[in-house]
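Each chain gets a letter, A, B, C, D and E, in the order it is written, and its residues are counted from 1.
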Amino acid sequence: HGSQAEARDVVVFAAASLKNALDDAGAAWTQDSGKQVAISYAASSALAKQIDAGAPADLFFSADPDWMDYAASKGLIRPESRADLLGNSLVLIAPRDSAVQIPLQPGLDLAALLGGNRLAMGHVGAVPAGKYGKAALEKLGAWTGVKDKLAQTDNVRAALLLVSRGEAALGIVYRTDAASDPNVRIVAVFPEGTHPPIVYPVALTAESKHPDAATFLAFLRSSKAKPFFEKQGFVVMSKAGSGS
Amino acid sequence: MILDVDIRHRQGAFTLQARFQSEGKLTALFGPSGSGKTTLVNAVSGLIRPDHGRIVAQGRVLLDTSQGAFVPKHRRRIGYVFQEGRLFPHLNVRQNLLFGRWFTPRRERKAGFDRVVALLGIGHLLDRRPSTLSGGEKQRVAMGRALLSDPHLLLMDEPLASLDEARKAEIYPYIERLRDEGGVPIVLVSHSVAEIARLATSIVVLSDGQVVASGPASEILRHTGLFRQPGPVEAGALIEGRVVQHEEAFELTVVQTRAGTLTVPRLDYPVGTPLRVRLRARDIILSVKPPEGLSALNVLRGQVSCTGEAHGPSIDVILDCEGEALVARVTRKSVEELDLVPGRTVHAIIKSIAFDPEALGGSGFVNMRDMND
Amino acid sequence: MILDVDIRHRQGAFTLQARFQSEGKLTALFGPSGSGKTTLVNAVSGLIRPDHGRIVAQGRVLLDTSQGAFVPKHRRRIGYVFQEGRLFPHLNVRQNLLFGRWFTPRRERKAGFDRVVALLGIGHLLDRRPSTLSGGEKQRVAMGRALLSDPHLLLMDEPLASLDEARKAEIYPYIERLRDEGGVPIVLVSHSVAEIARLATSIVVLSDGQVVASGPASEILRHTGLFRQPGPVEAGALIEGRVVQHEEAFELTVVQTRAGTLTVPRLDYPVGTPLRVRLRARDIILSVKPPEGLSALNVLRGQVSCTGEAHGPSIDVILDCEGEALVARVTRKSVEELDLVPGRTVHAIIKSIAFDPEALGGSGFVNMRDMND
Amino acid sequence: MEGLSPEEWAAVRLSLKVAFVAMAASLLPGIAIAFLLERKRFWGRQALDVLVHLPLVLPPVAVGWFLLIGFGRRGTIGAFLAEQFGIVLSFRWTGAALACAIMGFPLLVRAIRLSIASVDRRLEDAAGTLGAHPAWVFLVVTLPLILPGIIAGMVLSFAKAMGEFGATITFVSNIPGETQTIPSAIYALTQVPGGEGGAMRLTLVSIAISVAALWLSEWLARRVGRRVLAP
Amino acid sequence: MEGLSPEEWAAVRLSLKVAFVAMAASLLPGIAIAFLLERKRFWGRQALDVLVHLPLVLPPVAVGWFLLIGFGRRGTIGAFLAEQFGIVLSFRWTGAALACAIMGFPLLVRAIRLSIASVDRRLEDAAGTLGAHPAWVFLVVTLPLILPGIIAGMVLSFAKAMGEFGATITFVSNIPGETQTIPSAIYALTQVPGGEGGAMRLTLVSIAISVAALWLSEWLARRVGRRVLAP
C-alpha cells in the first residue's frame, strides 16, 4: 500500500524546520481538495542531493537558497515555478535567566561578552542559520573574535537546545525557533542588512509528473496557507504571490 | 589385509613413526601414556593428515602422501569412540546415538538401536542431555553412537577405561560378537593387558611413537616382557580348545585342548564350540610329581622346553604340552630347587577359578586361524 | 574422624543418599558407573550443595543444611583431581601445576614441585599447553595440580583410569606415602578392586546412590561378593606382616606373618618394616596333604573355619591360620571332593609370583591400627 | 500523554517491518560471512573484514550517501537491480531495510564470529567421523552450537535497525508511510517547536519494542543456552 | 588527491584520541556489566539490560539529547561531576568520548557477554577447589578465557567511536580541535556543495585507521585464541 500511496500522494521534500507549518497547510489542503500530500522532512542539503539521485519528489521546499541554486544548476527543478515563499529573521538568544543586554551594532565585542562561554549556532558552512549568522557577525565585525568560541551544531534546533539548557551563554537561531522555547530569551534581532535575506524557496521538481503538484504549490502560495506559516512565526514574503 | 599402516607424523617434539600390518579382526594398540596411540588412531580416522606415508584399511587406500591421496574423514566410514567422549551437547542421548544413522545409506543400517542401547545399559538415559551424564555413562553413549553409525572399521580409544568391571563384563562379549560376526574389524586402544588378552586377535605395541612389536595376539602375548606391569601378570599362552561337556551340578564346563582337558566355570556355549583359552603365566604352578589332594582341578602334563629371560626374582618357563606352548612364571629359586631344565617332565597346575570370563574368549580363534591362512 | 558424611541430594531422577563415616587415611569410593561417586565427591568438595545433610571433614563442618552452614569451595582446602582433567587451557603445564600455590599460604607449601613433576613424569611437558597433551598426560598434570595446592584433603576421581600399568606402578607408592606420611587423607574413586585393595584403608561401596557397605578395607575386601567382576577376582584377605630377611641371590624377601612365613619378590624395605600383604582368594590353592615338589614357595597351614556363599561354580573357604583369617576361592567340586568341612586341616599354597607389587602395600597397616584404636 | 498520530503509528509499523526485514535478510549472509572470516583463509579476507566493519567506522550519513550513489535509481547497482529484477530500493521501505541491514551487519557478523570461534572443533571432527559431510556438519553441529551468537547478533541487528537514522534518511529520505521510520519521525519532530512531546512518545514506543525484543531474545537464549553450554 | 588541511588533521587526531579513550574507559564497566547480566540474577537486571541497549535502539540524536540533559553543565550528573571532581564534559573532547563510549557500549557488552556465556564453568569450579576466591577466579581464569570477546568488543567500540556522529554533535557540538571528530568534519564537508572531495579524503583516513585497528585486533585475537581455544 505504501507504493500506492506514493503514486497517489503529492510528495514534498521540505526542510525540517517547516514541519509544523507544512503539516498544517497540507492537512488544510487535503480537507479542501480531498487529495493527499506526503512530506519528507530532512536537511535541505540531503533533500537536494536525493532529488539529484532521482527521488520521487514533486516539490522541493528548501530552507536555504544555496541548495535551491544547486538544484537549479543541475536542472532538477522547473525554474519558472521557483518562488521565495517565506522569510525569517535571525536573533541572538540567551538562556531565560540571563540578564545580558547586547545591542547589535558594528564594533560589537561579542567575544568579551562571552568570556569563557560559547556561542551556539548552526554549522557555519552547512546549516543555513549558521551561514546567515556568520555573515551577520562578519558584518558587525565580531566574527574574528568569536570564531573560536563557537559551538556549531548540525541543525539550528540543536543550537537552540544548547542555549535552552544553559550550555551555551548565547546562541544565534531563527526567530521562529526562539519564540517557541520558554527557556530562552531573545536578546536582540539581527538587523536585516547584516545578512543576506533569509528566504525559503520552493519549486516544482523537473521530474514531477503529479498532476496535483502544481495545485498544491499554488495552494501554498495562496492566502489560504498564509496563516499556517505566520502562526509559526515565518514572514510570508509579500512578493510571494507575484513570483514569476 | 585389514590394516596396513606406514606413516610418519610430527607433532611438536613428538614424532610418530608407525609401520605395521594387521590382519586381525581386533587389533589392540598398546603402549604407555603419550606413546602415540591416539595420534595413530587419529591418522587412521582422518582427523589428522600425516606428513608422510600410507594407510590402507580393508584394501581401501585412505592416505597415500606420495600420490596426494587423502580420503576425508566423512567418507571413510570409520566409527571412532573418542578418548574424551565428544558427545554433542545440543542433542539428547537418543539423538546422539542416532546421529551417524542420518548419514548411513538405509540398506547399510545393521546395528539394532534397541540392542545396542540394552547392551550398554543406557535405555534410561535416552532423553537426557550429555551434560547430565556421569563419566562412564558418557563413554557408553559414545560407544553406542559409533556402533550405530554402522562403520566399516571401528576405532576405540580406551573406551572401557572409565567403566566398572561388571559393565565391562557385559560389553566384552558384544565386542567379541562384533569382531567375529559383525564383520567389523576393530582397532582398540587399551592399556589393560587383560582386556587385550581377552579381545585382541592382533596386537601392536607402541612406545615413544615407534612400533616395538606387532603381530598375532597369541604370539605377542607370550612375550611377557612387553607387558610389564605392577598388577597380576596378565600375559601368558593363548590356546585353542573346544567345549566337550558341561558339569551342570558344579556349574563347570570341560574344555578339550591339545594340551589336555581343562575344567573351567560353566560357559554358555554349546558342546562343540571352539574357544580361546588364556593360561596366564602367573596362574600356573609347576610340580615335578603328579599332584594329589589339591583343590586345583586342572593338571596338564608336559616337558620344559626352555626358560625365558628372568624378570627380577621370576622367570618364564616354557612348557611343551602335546605340542601346545604354555608359559609358567615361577621364581628362579623354584627353578633351581626343582631343577627345571629343558626336557624335564612337569605338571602344570591351574585352578579352575583362574579361568575367569576374561580368560575365556569367544571364538576368536576362528579368526586367528583365518588370519593365518 | 576423617570424614563423616550424611547427605541427600537429588539430581534429575537420581537421588544420592549417602551416609557413612570413614576413619581411613585413604577412603576408596567404589561403585558401578552412575552410582553417584562423582556426585558424592562433588558434594565433599563444595561444587554442589546437597539438598539435605551434613559433611564433616577432619572435624571441620563443611556443610550442615540444618544450620545453613556451607563452606565455599575455595575455603575448603580440598584438592580435587577431576574425572575429566579440567586443565586451564590458557595456562601452560607449569602454570597449571602452580595454580593452587598462588592461593596457599607460604608456610603451608609443602609439596615439592620438582618431586611431584618427577614422580608424574611430566618434566618434559612443563612448557606445553594442555591442548597438546595426550589423555594420560592431562590426567597426570591434573593430579600434580591438585597435589601442589597442598590440600588438607585430597579427592581423586578415577585419577589413574587412563594411565598405563607401568605409570600406575610408579604413582602408587607416592600415593601411599602421601597417605601415610604426608598426613593428607585421600578419597579415591576407583573401579579397580586391585587399586583399592592396594591403597585403601577404608572402603565405601556405592550402588545406585546408596551406600551398600562401608568400613575398614580389610573387612570390606573379605566380602568378595561386593566386588564381582569379570577379571581375576581381586578380593581376599589383607594381613599384617614384617620383613624378616632378604634372599638376595633369588631377589626374594621373607615376610613373617601371624599365619606363617611368606616368600615374596624382593622388597625395598629394611628388615623389620611392617607391611600389608594381600592374599587374593583366587590365588590360593588348598591341599589336604602337605604338598611336595611344587614350584610354589609358600605353604600356610590352617583349619577350615567356614565356607562362604557360593558364586556360581566357586565358593569362598575361610581358613584360620594361627588366628589370621584367609580366604581361598575354590570350586564347589573341590570342596566336595576334598571334603573341606569346618575344622579340617588344610595347606594353603600360594605362588611367590602372586605377590606382585599391588599385593604388597606400604605400611598402611600402621594407619589401620591407628584407625582401629 | 496523548496517543500517537496515525502518521506516527505508520512510522512505528514501518520501523518494525524494516527492522525485522533488515535482521532477517542479513542473517544468512551474516552467518556465511562470519564463517568465512572466522574459519577460512582466502585472498581478500582482510578486505572483506574491513568492508564488513565500514558501516560502523564511517558516519552513518556517509554510508547513506554511498548507498544513494550505489543503489539509487541512477546508481550502478540500483539501475541494474531495477532493470533486471524490478527491485527498486531508493526511497522505498526496502531501501530503508537495506540501510538498516548494512548498518547492523558488522554487529551481527561479530557476534556470530565470536560464537563460531568458541565452538569446540572436536565436536565437528566427531560429526565427520560419523559420516557427516562438512556442509551437514555445519548445519547440524556448528549451527546449533552458535545459536547464542546468532541470537545475540539478531538482537543487535534488530536494535540497531530500530535506532538507525543517518544512513536511512540520507538514502531513502523521510517519506511518511514509505520510509519514515521511528528515528526519522523523531528527527522531524525535534526540528520544530512543540515536537518534543511527540518525540518522547515515539522514544517510549521504541523502548517498549526493544524491551519486548530483548525479553524474547533472552528467553530464546536461555532455552538454547541450556542445550548448548555444558553446566 | 590533496593532503588534509590542518583542521582535518586535528579532527583525525581528535577522533583517534576520542575513540581510544571511549574504548578504554568503557572496558571495565563493560566487563562488569556483561558479567552481571550474564551471570547474576538480581532485581532490575532486565532494566539494566534495556538501559545498556538503549543507545542502539534510540536514534543517536536522542541519545545526545539525553546526554545533554544528564551530563550537561546544568544536568544533574554533569553539575555533580563538575562540582565534586571538576570534570566538565560539555563542549570538551571528554564529552565526545563519553558520547562515543555510550554509543559503543551495547556492542562492547554484548561481545563480552557472548564470551562469558561460552566459558566452561567447570574450569572456574576447578580454580575454586584450588583455593581461588571467586574474585581471583574471575581474574585469572574467566578474564583470560573471555579475551576473544573483550578484543571483539574493543574493536566494535573503537570502530563505533570512529563513526559516531549524531550523539556527539548534539551533546558537544562541533568545535574544531576540541570536539570536531572525523564524522563531524565529514558532515560539515558534505553539507557544502562541492565538499565531497574533502569528505572522501577523510573517509579514506577513517578506513585506513580502521584497517590498522582491525589488523591489530586480529593479530591479538590470533595470539589469544591460540591459547584459549582448544584445537
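Criterion: contacts are C-beta pairs under 8 Å (C-beta built on N, C-alpha and C of every residue); 3 or more make two chains touch, one makes a residue touch a chain.
Please read all numbers here as calculations on a predicted model, not as lab measurements.
Undergrad: Can you list every chain in contact with both chain A and chain B?
TA: D
Undergrad: Looking at the contacts, which chains touch chain B and chain C alike?
TA: Neighbours common to chain B and chain C are absent.
Undergrad: Need the most distant chain from chain B, centre defined as the mean of C-alpha atoms.
TA: A
Undergrad: In whole angstrom, how far does the Cα centroid of chain A sit from the Cα centroid of chain E?
TA: 35
Undergrad: State, to the nearest whole Å, the distance from the C-alpha centre of chain B to the C-alpha centre of chain D.
TA: The computed centroid separation for chain B versus chain D comes out at 57 Å.
Undergrad: Please report how many Å separate the Cα centroid of chain B from that of chain E, as a whole number.
TA: The answer is 60 Å.
Undergrad: Going through chain E residue by residue, note those that touch at least 2 other chains and give them in order.
TA: Expected reply: 61, 65, 122, 166, 187, 190, 229-231.
Undergrad: Give me the residue numbers in chain B that touch at least two other chains, ranges are fine.
TA: 84, 132
Undergrad: Would you give the residues of chain A that are in contact with at least 2 other chains, written as numbers and ranges?
TA: none
Undergrad: Can you work out from the touch definition every pair of chains that touches here?
TA: Result for touching pairs of chains: A-D, A-E, B-C, B-D, C-E, D-E.
Undergrad: Name, in rising order, each residue of chain C that touches chain B in their complex.
TA: 11-13, 31-34, 37-38, 83-84, 124, 128, 132-137, 140, 157-158, 161-169, 172, 191-194, 227-233, 247, 250-252, 263, 265-266, 282, 285-289, 291-297, 312-314, 328-336, 338, 340, 349, 351-354, 356-358
Undergrad: Which chain E residues qualify as touching chain A in the complex?
TA: Counting only chain E, the residues touching chain A are 61, 65, 68-69, 72-75, 90-91, 166, 169-170, 173-175, 187-188, 190-193, 195.
Undergrad: Note which residues of chain E are touching chain D in the complex, please.
TA: Residues 46, 49-50, 53-62, 65, 106-107, 110-111, 113-115, 117-118, 120-122, 148-149, 152, 155-156, 159-160, 162-166, 182-183, 186-187, 190, 199, 203, 206-207, 209-211, 214-215, 218, 221, 225, 229-231 of chain E touch chain D in their complex.
Undergrad: For chain D, which residues are in contact with chain B within the complex?
TA: Spelled out, the residues of chain D in touch with chain B are 122-123, 125-134, 136-137, 140-141, 144-145, 227-231.
Undergrad: Give every residue of chain C touching chain E within the complex, in rising order.
TA: Within the complex, chain C contacts chain E at residues 45-47, 72-74, 76-80, 82, 84, 86, 88-90, 99-100, 102-104, 129-132, 145-146, 149.
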